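First chain A sits with chain B, and in the next complex the same chain sits with chain C.
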Partner chain A sequence: MTVDWKLFADLAEHAGDRHVTLDDPGETVGDALETLLADRPALADRVLEEDGTLRSQINVLRNGTDVEQSAGLETGLEDGDELALFPPVSGG
Partner chain B sequence: MTDLRLDATQLERYSRHVIMDEVGPEGQRRLLEGSVLVVGAGGLGSPVIQYLAAAGVGRLGIVDDDVVERSNLQRQIVHGDDDVGRPKVESAADYVRALNPDVDVRAHETRVTSETIDDLVGGTDGERTDGYDVVVDASDNFATRYLCNDYCTLSGIALSHGAIYRFEGQVTTFPNDGDGPCYRCIFPEAPEPGTVPDCATTGVLGVLPGTVGCIQATEVVKYLLGAGELLEGRLLMYDAMGLSFETVDVRRNPDCPVCGDDPEIESIHDVGYEGSCTVSSD
Partner chain C sequence: MHVLGVIGRGTNRETLERAVDRLVDELSTRGRVGVVRYDATIADGTPTVDQSSPTVGGDVTYELGVDGDWLASGTGLSVRDALDALATDCDYAVVTGVAELQYPCVLVGSDGDRETATENEDEDEDGDEVTEVLARVPAVADLESDAVADTLERREPYETLESLVDRVKTSPHADRAGAIATFTGRVRAKDFDDDDRTEYLEFEKYEGVADERLAALREDLESREGVYAVEMHHRTGVVRDGEDIVFVVVLAGHRREAFRTVEDGIDRLKDEVPLFKKEVTVGDEFWVHDRE
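For the complex of A and B:
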């Protein structure tokens, strides 16, 4: 199973890439997030609180829908899912 | 109430609006009766001010406490080279006066704070006795953005949100005519100051705020006309590099600190806006 992560705004810079494909993402969105962050410590610092939970202003999408509208990080994955992380931006 | 029939000059000026069924003379009168406060006369504010003035929005307030710098001119197209060093609100107001004498432009050279926002938006400031129909958040910092959101949500005033980062933009509309959602339903609190770099640090593609600001102006015009489908319950994310748009559904969050079921924030005075825009401990 593969899933794609798309990273918005400064999260792409912290990740070093705007798109990341995971070949073995696990069962849930949370698993895929853990896999994404495992070898990207700068991104992990940016999106996680000190206790390891996701910062409240970081949104996670699965196929264009906020996972909070389903089972949050427990939402199950399917092959080909498009996941996204987006933060607020403030420039004007 | 003023006589709102269109005169001959107005019929000519707005003829391309008036000829369309979706606008017509009645829609144009709504624009001329409309009042909009633009918070920020920078990259986003420039096209918003220009198109709303051209459209004949009757009263246009502009708030900003900055002066024009040469490094602004790559994207803040309401200002010109001769305006460097002038207050942005004066430069922008001059542009509006030169473009359309129908517009009553009000320049407020101040910062939007929890002390000033009620006077600015609610209309208790100086000579004005009536408030604004719509607030356009074209600001450049989270403190102002969360303050505009909280004030407009709590006061039931429509808010257009636009924000940019290097090559990307986010834009949505909160009519605030019901139970939400609001900006905090998407982003409950601001990132810690310093977490997200600003335009001066990261740079910004000059035309980017043009695209995003034009979408905000489009939304305001539709809101005043009462026509079309607003970006209500939808956050539009624009990527200039991929020239792609994505739309994310935005729903009211029952845990939202402003418009949720048990809101922590019942007044803007509950919040410390200089940090992460959360409820003050004192």
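For the complex of A and C:
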């Protein structure tokens, strides 16, 4: 299964990329996040608390919907999912 | 209004003009077209060599006929001012003579093909977006105007406060509307007197999702009792000191609904739409949420 991560703002800068494709993301959004962060320590540092949990202001979307509206990081993945990771929005 | 730049890269004036003509012809079948011709070689004080200029008198001159046809000339206009003026009236603006436009463009000439060797030609080495090239045409015969026009229509339009106000007035319910309220978000150069001046902001958006959220927000606001039309526009990319960033316009039966909906509109836009602001001052560069 393949999923795509889209990264924004300073998260993209910390990751060195705006777009990351994962060929073996795991079963859940949380797995895909772990896979994403595994090779990206600067990004991991930016988005994770010291105890390894995701900082509360970081948003995770699956196909345009915040995962908080489904099962959070336990939300299941499907092939072709588009995931997004971003800090608090700052439009306007 | 959609803005299209036509830029020469190793070509002559005549070829460039023919390319412009082709594009203007195509776009004219789809709506009203404005053309902005910028000539960087015309310096201050040098009279333009244009026999059809109207008789000069005053700082701006309009010559009008009963049929609505007109000629105008004046001083102090920038390309941006010209685009602002066209935005209420035209569906498309074709701009020539500007080397780096923040809008999609067509490159005409033999040097266009050798533009860049990077994989994604729309990004510089920092991965920042530069002008999007819709087509590179060594010769006018290579130009597929209809394809260029189709692609152009899927890009961000150029809107001003006035173009949005004009649009809400075309609502089928405009007969019942006695109020239009608007909000304009602009670049705040300083947060306090001694603050470093903000040179520009740069806005990134989550393509697709931002547009969906904006559309859903608009629908929600329009469904309110007494609200007849809502228009919103948020610029992306670089927005400089002195420029406007975002507009929210509400057409309503009465002022109470208009004011409330405008306020809720901008508050929710800032809260719900995935847009990200980077601030660049003289001494610094930072993503805004980092400082909050």
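We take it that the second predicted complex is superposed on the first by the 88 of 92 C-alpha atoms of A that agree within 3 Å, B and C clash if a C-alpha of one lies under 4 Å from a C-alpha of the other, contacts with A are read in each partner's own complex, and residues count from 1 in each chain.
Throughout what follows, a residue touches a chain if its C-beta (ideal position, glycine included) is under 8 Å from a C-beta of that chain, and two chains touch if they have at least 3 such contacts.
For clarity, every value in this text was computed on a predicted model and none was experimentally measured.
A count of residues in chain A touched by chain B and by chain C gives the higher number to B. Of the two partner chains, chain B is the only one touched by A:Ser56; chain C is not. In the superposed pair of complexes, A:Gln69 makes contact with chain B only, with no contact to chain C. Judged by the document's definition of touching, chain A residues 8-10, 57, 59, 61, 64, 84, 86-92 lie at the interface with chain B and also at the interface with chain C.
Taken together, the chain C residues at the contact with chain A in this complex read 127, 185, 203-206, 208-209, 212, 234, 245-246, 266, 269-278, 287-290, 292. Of all residues in chain A, those touching chain C in their complex are 6, 8-10, 18, 57, 59, 61, 64, 84, 86-92.
Against chain B, the residues of chain A that register as touching in their complex are 8-10, 46, 55-57, 59, 61, 64-66, 68-69, 84, 86-92.
By the touch rule above, chain B contacts chain A in their complex via residues 40, 42-45, 137-142, 145, 162-166, 168-170, 186-191, 195-199, 202, 204, 209, 237, 246-251, 253.
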